[in-house]
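These are the structures in question, set out in turn.
Here chain A shows up in two complexes: once beside chain B, once beside chain C.
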Partner chain A sequence: MTSLYHWIFFLLSVALLPVLVLGTIRKTKARLQNRIGPPLWQPFYDLVKLAHKGETLSLTMCGVFRLSSIVVFADILVLAWLTPWLCFKPWAPEANIFMLVYLFALARMFTLLGSLDSGSAFGAFSASREATLGLLVEPAVLLALVALGIFFGSSDLRVIFSLSSVSTFVSSAIWIAAGLAIFFSSLVELSRMPVDDPTTHLELTMIHEAMILEASGRNLALIEFAHALKMCILFGLASQCFLRAIPQFSTFNIYAQAGLNIAGLLGLAMFVGLLESLTVKLQWRKVPEFIAYILSLSLIASFTAIGIGAIK
Partner chain B sequence: MTITATEICVLTAALLACLMVGSLHLRVNLWLYSLSTLCIAAATATSALEHSEMGPIFIAILIALLKSVAIPKFFSWAIDKLHVQRDLGAMVTPPLAMHAAILLFALSFILTKEIPSPAGSVNGWFGAAGGISLVFTGLLLMLTRRLAISQIFGFLVIENGIYIFALTQTNGMPLIVEMGVLLDVLVGVMVSGLLLFKIQKSFEHIDVAQLTQLKEY
Partner chain C sequence: MNIDITPIDCELRQDALVSWLNQPGKRLGLITSIDGSQIVTLLLDTTENTATLWESQLSEHRYSSLTPRITQAHWMERTMWDMFGLEPVNHPRLKHNLLHEPYDEKLCPLNPEGQVSAPDGHRQYHSLEVKGDGIYEIPVGPIHAGIIEPGHFHFSCLGEIIFNLEIRLGYVHRGVEKRLAEMNWQKQRFLVEAAASDSAAAYALAHAVALENIADLAVPEKAQHLRSLALEIERVAMHISDLTGLAADIGFLAISSSLGRLRGASLGMADLVSGNRFFRGFICPGGVIQDPDHRLSKLQAAAKALKKELEPVIKSFLANQVVLDRMEKTGKVSERLARDFGLVGVAGRASNQAYDARHHFAAGVYPLLKPQMAIETNGDVFCRAKIRVVELIESLSFIDMLLETMPAGPISTSIPATLPANAVGLGIVEGHRGELIHLVFTDGHGNCKRYAIKDPSINNWTALAIAARNNLVSDFPLCNKSFSLSYSGHDL
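Presenting the complex of A and B:
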């Protein structure tokens, strides 16, 4: 019976949380600009509107363009099932760290293929940028997760996030460092503010938005929803890491854990809104430096984990 | 394996110093130095509580006031006077230098593992590692910077490292020695500040990379 509830809550949050997170970011930005802003559910209405629109396809496209959005959507759904971004999750098979990272890479690869297939200059331009960013940010994400893996002695994320281990000062430090690394690299991965401005009107500087420039109608709705769900997964993973740093977290009951989890997710979304209102976009040449700072957080986390392992 | 409050303070100070290598902005460096030194003051205070002595508390307050408030204030004033905001950086880019600093931080744990800690000291290994790491970081800071003012920051970080090493490897130094060291640092900073202004006046820059060239007047 509990597993049924888990399934219901899980499916509901997969359907609703992406919309809510996007809405929260937009609302925060609007409030900081002294606007009332669109309602929280506006992304949902946008998706519905997009789903009813007709689709325009360029003559140069082959089947890859249509295929890519479907593959990305399916891939992100599988990731949502495997990644421990929520406390209440139905049964899932082993979630290996390396498999997860490369499933994210698979989604990225198909987005790239789709944008190259569209034949537009902007698509190719942003695809090259996205590939560069992906190359740079992958070691940071991987090292952050591997640090957790070393500390808990398993490469299975179910074991790492199982709440069974005792909490010490050092484990809290590792959780926070890894959470920060995952959060900041998710900003790169989702091409959000310090790296790329998703709301700019200039296609020349955009990364993700320029890649999906040629998509329209249902295709665009699918891509937008997959992107929002990916944001949810990554922010959820980061907020889970931060919550694990609280020593008493494993003693809370399941409702408190779930509530804190969702509050943490929305809190990170609000923080992103704040970041996008207050900071300016980094120069393209400065982005590798930003990623290098993230990498140093992961390095700290993994060295601490290795050190603690050596003492034990 | 338990970790004492002193060790936490020392390791935080070492990590903050590692972050110093990652930024070329002089003011950011000053803030990080100030925070790192505050951690060292806290380490002094907690270690005094562990040994249940009251003398070092006085030293801790003195370090907090002098090294983490007065010296950064002095350099902040010097930065305004010299009209420099950021270092130019030499040889390696700051993020890579920071990775090197973190690697050295990890290396210092291996290096100090075999150091025999004296009888009665509770912060042997981690304290020594933090101290050695601070010395490495200071050296790295001096190697990868071009402005004379950053060289002084590197020197100050090394001085912090030596102090931490002495603090954690002994059962407390005499009060008079600690005060002497503090006075030395203060005088050193003042003299180096004077030198900075002198270099600025005669060369119209404080770039040490260009100081090797001969100049005719």
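Presenting the complex of A and C:
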């Protein structure tokens, strides 16, 4: 019976949280600029609107363009099932760290293929930018997860996030460092400020938005939803890490944990809103520097984990 | 200001112009024609504050181009080819500026004889081709994603670096100059204001000054004060708007929304003066339309409040380290380049060109009363932003001063029913983009036979294309916004 409830809550979260997180970011940004802003559920209305629109396809496209958004969507759904971004998840098979990182890479690869297939000048240069960013940020995410893996002695995220081990000062430190690294690299991964400005209309400065410039109608709705779900997964994973840094977290009951889980997710969304109102987009040449900071966070977490392992 | 017309032989003109431009403080104002049978060259002397007009008669529809020796002539010669069918021989990149492929091959809007010498297919446009390994071409526009005017940008890039940029304009060519010469001169002011409507006050003022120059009319002192007031408020509004754009382009939303709100406040000041947020219908030949006397105390309070609110916003904008990082050394225009291209306005002053028409030519209360000139030497995006900030604050102080010294008296004088025959009128105004020139010629009956407009953007567009070279593709929008050039002012 509990497993049925888990499935229901999980499916509801997958359907609603992405829209809510996106709406929260937009609302926060609007409020910080003294605007009322669109309703919280506006992204949902936008998706419905897109789903009712016709689709325009370039004559030079082959099937890859349409296929790519479907593959990306399916891939992100699988990731949502495997990744421990929620505490109330149904049963899932082993979630190997390396597999997860490369499932994310698979989604990126198909987004790139889709944007190259569109044949537009913007698609090609944004694909090259996205590939560069992906290359740089992948080690940061991987090392952050590996640090946790080393500390808990497993590469299965189910074990790492199982709440069975005793919380210590060092474990809290590693959770925080890994959480920060995952959160900041998700800003790069999701093309948000300070790496890319999701609200800009300037094609020449875009990364993610220029890749999906040729998508329209239902296809665009699918891409937008997959992107929002990916954002939820990454922010959720980061907030899970932060919550586990609280020593008493494992003693809370499941409802308190779930509440904190969602509050953490929306809290990060509000933080992103704050960040996007106050930061300036980095010059393209400075982006590797920003990623280097994230990578050093991951390295600190890894070395601490290795050091603790050696002492034990 | 009286203008002398000096006849000069077309062949001698080239050497004379080169030696003119080699003297300090001497500038080229405008090269154009009246009806295609002559070339008129307007020369400005900013040391004596005078203007001279050279007129060279042409016997055929071709002349040897000035461009190989005088870089800044290149765009004006191209426009003359469009409008008069006068072919500059040996022009290094002769293309049409305004009349694109769909126009009739024989059409020359301002030359009654039509296109004579051009070969078939002369309207075909060819972008400069860049070849080689790794060259990547990005065509952008003419229709853009934002709500901006149309223009085509053709980038040839090496990776993320811009190797060459070619800008093609003319998509909003409406035939303004031709229409102005056809219509009754008393009604011209309505069309003039609408020609480039973000500079409505500057255009209306230049037009009024040019007609008053022909009619030899003295305008009451109070009208002059109100005209300068209008021009400075327009400058404040547009400089804030350009800074808003700069902040938005680098994703600094907090600043861009604050500045956006303050731009609204400056438009409210315009409303207090003229009853219109964009000064439409306020300045007319002879003076101004209405007297805002009872609203001036409100205006003074608004100007003070705006200045007080602007200062902290601008401070946190330009003191931000990442903002500096984005703007410094981006889109650099060297001093030499600025001189060769005759840059005007903010872009010119950012590259150490000490030229502000308010300091030299009569319009409104200038040059008797004038704000301090802002000047920078590095010529990058940051310098252009800084010039705007300094001018903005200076203009607000100047507005305060104008209000303090507002004289009493009439706000306009009656204009004669007819203009003198065969006369020339010149109006030079420093709009928010820079030096704006209106040059008007009347025929034997005192009707306008040729109305030439030189928008400040005409001098600066090419400099933008060159400033973008060797910069990152993703920095181009920032660079573009820092020049903030007009499409409709150029296309007319």
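The rule is simple: the second predicted complex is superposed on the first by the 312 of 312 C-alpha atoms of A that agree within 3 Å, B and C clash if a C-alpha of one lies under 4 Å from a C-alpha of the other, contacts with A are read in each partner's own complex, and residues count from 1 in each chain.
As a working rule, contacts are C-beta pairs under 8 Å (C-beta built on N, C-alpha and C of every residue); 3 or more make two chains touch, one makes a residue touch a chain.
Remember, it's a predicted structure, so these values are computed and weren't measured experimentally.
A.B. asks: Between chain B and chain C, positioned on chain A by superposition, is the outcome a clash or a fit?
C.D. replies: Fit.
A.B. asks: Considering only the touch criterion stated at the top, classify A:34 as touching first (chain B), second (chain C), both, or neither.
C.D. replies: In the superposed model, A:34 contacts chain C only, not chain B.
A.B. asks: Which of the two partners, first being chain B and second being chain C, lies in contact with A:279: first, second, both, or neither?
C.D. replies: So A:279 only meets chain C here.
A.B. asks: For A:292, decide between first (touching chain B), second (touching chain C), both and neither.
C.D. replies: So A:292 only meets chain B here.
A.B. asks: In the superposed arrangement, does A:300 touch chain B (first), chain C (second), both or neither?
C.D. replies: Only chain B is touched by A:300; chain C is not.
A.B. asks: Which of the two, chain B or chain C, is in touch with more residues of chain A?
C.D. replies: C
A.B. asks: Quick check for you: in the superposed arrangement, does A:125 touch first (chain B), second (chain C), both or neither?
C.D. replies: second
A.B. asks: Scan A:52 for contacts with chain B and chain C and give back first, second, both or neither.
C.D. replies: neither
A.B. asks: Given the overlay on chain A, how many degrees, to the nearest 10, lie between chain B and chain C at the CA centre of chain A?
C.D. replies: It works out to roughly 80 degrees.
A.B. asks: Taking the superposed arrangement, what is the smallest distance in Å from a C-alpha atom of chain B to one of chain C?
C.D. replies: Checking C-alpha atoms only, chain B sits 10 Å from chain C at its nearest point.
A.B. asks: If I apply the document's touch criterion, which positions on chain A are contacted by chain B in one structure and by chain C in the other?
C.D. replies: Shared contact residues on chain A (touching chain B in one complex, chain C in the other): none at all.
A.B. asks: So in the complex, which bits of chain A are touching chain B?
C.D. replies: 169-170, 288-289, 292-293, 295-296, 299-300, 303, 306-308, 311-312
A.B. asks: Okay, in this complex, where on chain A does chain C touch?
C.D. replies: The contact residues of chain A facing chain C are 29, 32-35, 121-122, 124-125, 129, 193-194, 197, 199-205, 276-286.
A.B. asks: Please name which positions on chain C make contact with chain A in the complex.
C.D. replies: Touch residues, chain C against chain A: 136-140, 144-146, 155, 157, 160, 248-254, 257, 261, 320, 322-323, 325-326, 472-477.
A.B. asks: Looking at the complex, which residues from chain B come into contact with chain A?
C.D. replies: Checking each residue of chain B against chain A gives 1, 3, 8, 15, 18, 22, 93-96, 98-99, 102-103, 105-106, 109.
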